[in-house]
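Everything below concerns the one structure shown next.
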Amino acid sequence: MDKLKEIKDRFAEGEIKQQHLETMIFNEVYDSDASRLQDACHDAARIRCSVAEESTGVSLDLIKNSRLDNSGLSEGHLLTGIEMKVGAALIPMGLAGPVKISGEYAKGEYYLPLATNEAALVAGVQRGVKAINMSGGIRTQVTFDGMSRAPLLEAPDIDAAKKFCIRVQEDRDLIQELNKEIKDPFVRLEYIEPYQLGTKVFLRMVCKTGDAMGMNGVTKASADIARRILKDLEGWKLITISSNLCTDKKASHINILQGRGKSVHAEVFVPEEVLQKVFKKGVTSRSVERVVFHKCYLGSTLSGTISGFNVNAANALAAFFAATGQDMAHVVSSSAAFVQADAVEGGLHFMVSMPSLEIATIGGGTNFGTAREALKLLGCGEIGTSPDDNENVKRLAEICCTAVAALDLNTACAQAAGYEMADSHVALARGEK
Amino acid sequence: MDKLKEIKDRFAEGEIKQQHLETMIFNEVYDSDASRLQDACHDAARIRCSVAEESTGVSLDLIKNSRLDNSGLSEGHLLTGIEMKVGAALIPMGLAGPVKISGEYAKGEYYLPLATNEAALVAGVQRGVKAINMSGGIRTQVTFDGMSRAPLLEAPDIDAAKKFCIRVQEDRDLIQELNKEIKDPFVRLEYIEPYQLGTKVFLRMVCKTGDAMGMNGVTKASADIARRILKDLEGWKLITISSNLCTDKKASHINILQGRGKSVHAEVFVPEEVLQKVFKKGVTSRSVERVVFHKCYLGSTLSGTISGFNVNAANALAAFFAATGQDMAHVVSSSAAFVQADAVEGGLHFMVSMPSLEIATIGGGTNFGTAREALKLLGCGEIGTSPDDNENVKRLAEICCTAVAALDLNTACAQAAGYEMADSHVALARGEK
Amino acid sequence: MDKLKEIKDRFAEGEIKQQHLETMIFNEVYDSDASRLQDACHDAARIRCSVAEESTGVSLDLIKNSRLDNSGLSEGHLLTGIEMKVGAALIPMGLAGPVKISGEYAKGEYYLPLATNEAALVAGVQRGVKAINMSGGIRTQVTFDGMSRAPLLEAPDIDAAKKFCIRVQEDRDLIQELNKEIKDPFVRLEYIEPYQLGTKVFLRMVCKTGDAMGMNGVTKASADIARRILKDLEGWKLITISSNLCTDKKASHINILQGRGKSVHAEVFVPEEVLQKVFKKGVTSRSVERVVFHKCYLGSTLSGTISGFNVNAANALAAFFAATGQDMAHVVSSSAAFVQADAVEGGLHFMVSMPSLEIATIGGGTNFGTAREALKLLGCGEIGTSPDDNENVKRLAEICCTAVAALDLNTACAQAAGYEMADSHVALARGEK
Amino acid sequence: MDKLKEIKDRFAEGEIKQQHLETMIFNEVYDSDASRLQDACHDAARIRCSVAEESTGVSLDLIKNSRLDNSGLSEGHLLTGIEMKVGAALIPMGLAGPVKISGEYAKGEYYLPLATNEAALVAGVQRGVKAINMSGGIRTQVTFDGMSRAPLLEAPDIDAAKKFCIRVQEDRDLIQELNKEIKDPFVRLEYIEPYQLGTKVFLRMVCKTGDAMGMNGVTKASADIARRILKDLEGWKLITISSNLCTDKKASHINILQGRGKSVHAEVFVPEEVLQKVFKKGVTSRSVERVVFHKCYLGSTLSGTISGFNVNAANALAAFFAATGQDMAHVVSSSAAFVQADAVEGGLHFMVSMPSLEIATIGGGTNFGTAREALKLLGCGEIGTSPDDNENVKRLAEICCTAVAALDLNTACAQAAGYEMADSHVALARGEK
């Protein structure tokens, strides 16, 4: 294919801009044939790899040949998914489960797809699943649903700031009016929490976004809304359309208190005899309770965390996110979790609360490739048709919380058994189990 | 291959345990031929997929066919990398750069591999790179290096607790003696920070771990050390070998103050004219300074974060981590970052400090596949030979911090230009740029 | 007075209980003559001092002779104010001001009574007052008013917990019904914020409490309300009537976000020439802005505070609290403050926001002695007649915030002048000024 | 005394400056007779009161007549203690105890002086004392001693910053050399913790300060040291001599981890039968453990505190501080406390850890009046003669921690008894007990 070779040479010479490469190949090599769009994008990726290989002498064979078809056409424009694409990264995927869930949305038995490089993680989830299933399954629920963005405005003086904050809280018509600014049919503004520091007014806008995680939709909406608000406010200024009070991709306490994405809870009652059977002999509800207190509360508080009151929620969460195409930067805030292990009559009452699980079944990485398959496997492949129609993503949130609960239950019990955690990691890494 | 079919059927019937599947195929189908090890593991993964497909009716074609050869043999045992493997997850990868770095370890021009599903991210990094390069490059450094684990012990009374804490701080021989317990030649205990709460003693053990991230090595070491310590202490008990004071995979302030993994800093001086050329007209050092103050400090403090004083460090970090095979759950703690934007004579003094970057060039996901290629591309493919020999990983840490700095510089400037951030996300998502 | 001597001897012998001493003297020595009540209590205090003096050999002359008449009679019972009283502690009081305030409630010129042992503090406030007055005065406002307590209940399962939380948020009749349980005419329940962690339900009850700080009234109300709620909820349990989510007397982020007591803001625009005249020559709006950023934000965030984004709010606050009879343990939470110093056209825009100022003009120490006089001096001596009638305490809150703003303005400017802060402390302590 | 009348008139006319009033009366009315110094200061205070009374029409009788002699002469200068003095504030004082302490420094039986306006507080401490004494007393210890200040410097670039931080950590000669700059014989620099954020270097200087709390001495020392350091560092600048990393009078996590003032621990083992006798029937070690977990950990973590893991440490602490002349603004940071209540074989293992108790037996308010008497009563009236000679203040720290432990033990048990806390507050406030 000489044409492609020629384009590659021109690209290597810097004659073709990065952002034009896919379009040029699509048009010139494939005559804008929509059925060849993915091939065009794959060619572009391979060209970029080749140029990097030639300039560095390093082989990028696997990257070059890994292919994820996430491109599309929109009103004549070629959407490449991400920019400057060279291929795809591969993360090993395991499948734990099936686990019994009695949730509001997840009802039945579910596999738990987990993409991770960490040995012992999938096995750990699986042992937790075993304990859960022997205990009759886990109960789950979603108690909050909303995606937030928080533009920051500056009032001319504190009186104007106060007056506007009161209006935002009390004037329901304002919310309705602002909703008219939102073009995206999958985004609806629910309410605005105003926070004032002197003349600075943070408007934490909370939206329903259907089955989407919603951050991009909400960012756009918040810019439109800020523009609209400022039109009527004399002497006010926009400081930033995103003020970190959202809070996006940072561990923040406001997300704990007010929620972001979904707030999800799970509980399971594990009888003493299940603890004994699944874990080591010394593991009792009381010993697990003490480990969880000392590790997840005494240790965590001394460490100065404001969101990490769990055994290792991020481990299961990151693996579940990678497998299902979520935004991996959301691991920061979504892994916030409170674990409780109460020794009660007859066994262990184990609970996990995740206040800010930012998750999706549509949009971004969930639309394509291995992620799409994983979502379908979980019965979350359908797509809601309105901001409120989000049973798929709530189901997914409950399954995700279950994966976290399974791993944390397992690891809490492993630590209640003394040195077992370290020993088992070593054994698994050595292939002894 | 009838044998394989038969194994599959027995597996579907539950006659073969999950953890025996690879070994059985390897032995029975491939006659334990080491050169066919990866095939055996791939077969096992496909069998698991098929069973899940059959039980759910959902096709897992892409998962089934994605293959990442991360298995190995160790003293006759088959190491599968992760357990219950079904294939691999794919995340699109882009390549920003090259960017000029004048670091302690990174010196020259470097590509920035970024695996992400988020549109605009790679383009954002690239615009930051443009500004950095036009400013003569970025300066980087590593100021801390150490991996920590913190077992928690209980003393019989507070006097015993105090006495032991003093010994841990003052007795250098103790550290030397404890090092004898560590079998892993790539792990060396440097010092122990003791923290006492009544009778409870947290021992935050800090180790050098060469080019490895080191968490598993340190976990093992800390179990051995705890065992050794307790042998001599009458009336003491182990509460847990990992107390969350480490702190692993939670956003914690102790990691900010004491460091974990690597502490890395980057600075670049961006002349006013570069700001004007690369970003919108209104963008000046003063306007960027104000946005960074309001977003990364006023907004962040109000949000109740203890680690998120940045524009969006997690975005670049997660993409860099996914591309280079890092433990994705470490995004939580590694994305802690303080950004500073000082308007000074002639331009913008932009700085990023990342106190707890947990990163590796060897171990876990870095050993295999696309990650290995990405690491080689960055000149970080060699492997140190001792706990102190870690120039590869320090180089990687500096490059990673550069990626974060590039994106945060870009996004801070975008927000200083008013609504640009939202508009550009939409445009990119729509393919208009 | 033989009778008194005899009582003293019997008390020294342990024949009279601590809590009966005042009543016995009142009855037996003063024949229950109400006009001699304070004398009886003072006698009791002196007796306790004498007994302690005799047993230790230490003279308590000043304590014994310091007298604060805070006793009373209520339905025949003698109220001693506090128990086991021996006298009073004395803290030196200075009077800064008058300062010009244009507040919502404080309008005019106000003295600032400050009880403290710290040299330079009153002088520092006074220099801040000077700058404020030369700038035309300070503007103040109250944006939140409500006292909170948070009992913690346990539901039988997470479904019941969720259901009840929804009811608490949506059922306005419930709030009205619960208000019937509250006997105190100065307390009215406004709303309840429910927070759920698994089966645990925190009910953060927010009340109006008139001119009182309200904590005791609200504690009683929350017990009555918890009792009432539990009556209708089968299988639920009370864990504690006060769960630290209130949050009382601890530095907590929930008080920052949701407010407690009063949220107060103050702003003053200080022209450049005022900065030059009042402070050292080098002090400009820009230099103050930089000091405030580095100290109150960069330094504070690195220190791991969640409420201390100010120069030294606690100094002025504690002195104002001691002078006006507030609960000194509330200094912890009430001193939460965000200071902003924006260099703007023509000068410095200086702002202080105090989200959780727990303050009173009636109840506890505000009813008596020097505190009562100080409150009258501030025009805050009247007492509202209902939960909503609280202009006195709001006026006081604005004056208190002004004292904090004056000191923080002064100290920020002093630090912008380099070593001045240390030098001036020394000079004042040496009497050189 | 016509002279005094004349001075008052001139003062009222504004002809005499605030800071000259005491000196003028001392010189002109009392002929600089040192024995009349306190009278001169008291006259000045009364004059200020009169002027305020005349301008406002409010009587300040009690303030005017409360007298605290805290003035002195130093090299011919008159030291007024605080500035613009008008008298003193009175806070009621009670005396709990004696309590049995087996501490490192406090050994024997100690009264607990408590100045507070809160009913039920002294009685609550006393009930805790009763339980402690019936349990054989409380064990206490001091595990850290050091006062800190943290100037903030700016390096010309990150390399210079790193180099200097390393020097500060490794060069013991530097510390010795810097100590030469310190003029105060009661202050000795022990070590410096450097923290780097880009080019900004925070130097947390930790000093021994004898029996003094030490903040003023350390502030002066840190200015001198900063000056000395900067002399040798080209291109460096002082940003502020106090950067909030100290951290002074704000609730900060660095003080928790690194300590400030004294770190103190207390433990007591309370047998089940003592719990039953002293508290209500239902109170068991298990019920107290559960309340402490839910309130001090689950509730506190959800509230977003980083220092408030206790029942109500600030209550006892503030009262003890007011009674013993401590800096009341230090209640913010000194009240940081971790309470543990472990149900163990036979009873309750109750512990309190206070990492940053900033306390003194000499300097500021401790030198005078009722505070001095209270300190003598506690056997803490002597004064050490060097930075290391600080047994008095350590003894005081242990007694203070005991007061906190007594109240928190009592209140935890009260809450374990259901509604008791609210009921008893009401009863005590009504005089029913």
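Annotations
Lettered A, B, C and D in written order, each chain numbered from 1.
Following the convention adopted for this analysis, contacts are C-beta pairs under 8 Å (C-beta built on N, C-alpha and C of every residue); 3 or more make two chains touch, one makes a residue touch a chain.
Worth saying up front: this structure is predicted, and the values here are computed from it rather than measured.
Between A-C and A-D, more C-beta contact pairs join the chains of A-C. With centres computed as the average of Cα coordinates, no chain lies farther from chain B than C.
Note on chain placement: the centre of chain A and the centre of chain B lie 17 Å apart, centres being C-alpha means. Chain geometry summary: the mean Cα position of chain A and that of chain D are 46 Å apart. Touching of two or more other chains is recorded for residues 195, 197, 200, 253-254, 256-257, 298, 300, 302, 304, 306, 338, 340 of chain C. Taken as a contact graph, the chains are fully connected, with every chain touching every other chain.
Those residues of chain C whose C-beta lies close enough to touch chain A in the complex are 139, 141, 143, 157-159, 161-162, 165, 195-200, 253-254, 257-258, 265-267, 304, 306, 338, 340, 349, 351-353. Across the complex, chain A meets chain D through its residues 253, 256-257, 293, 297-298, 300-302, 304, 306, 309, 338, 340.
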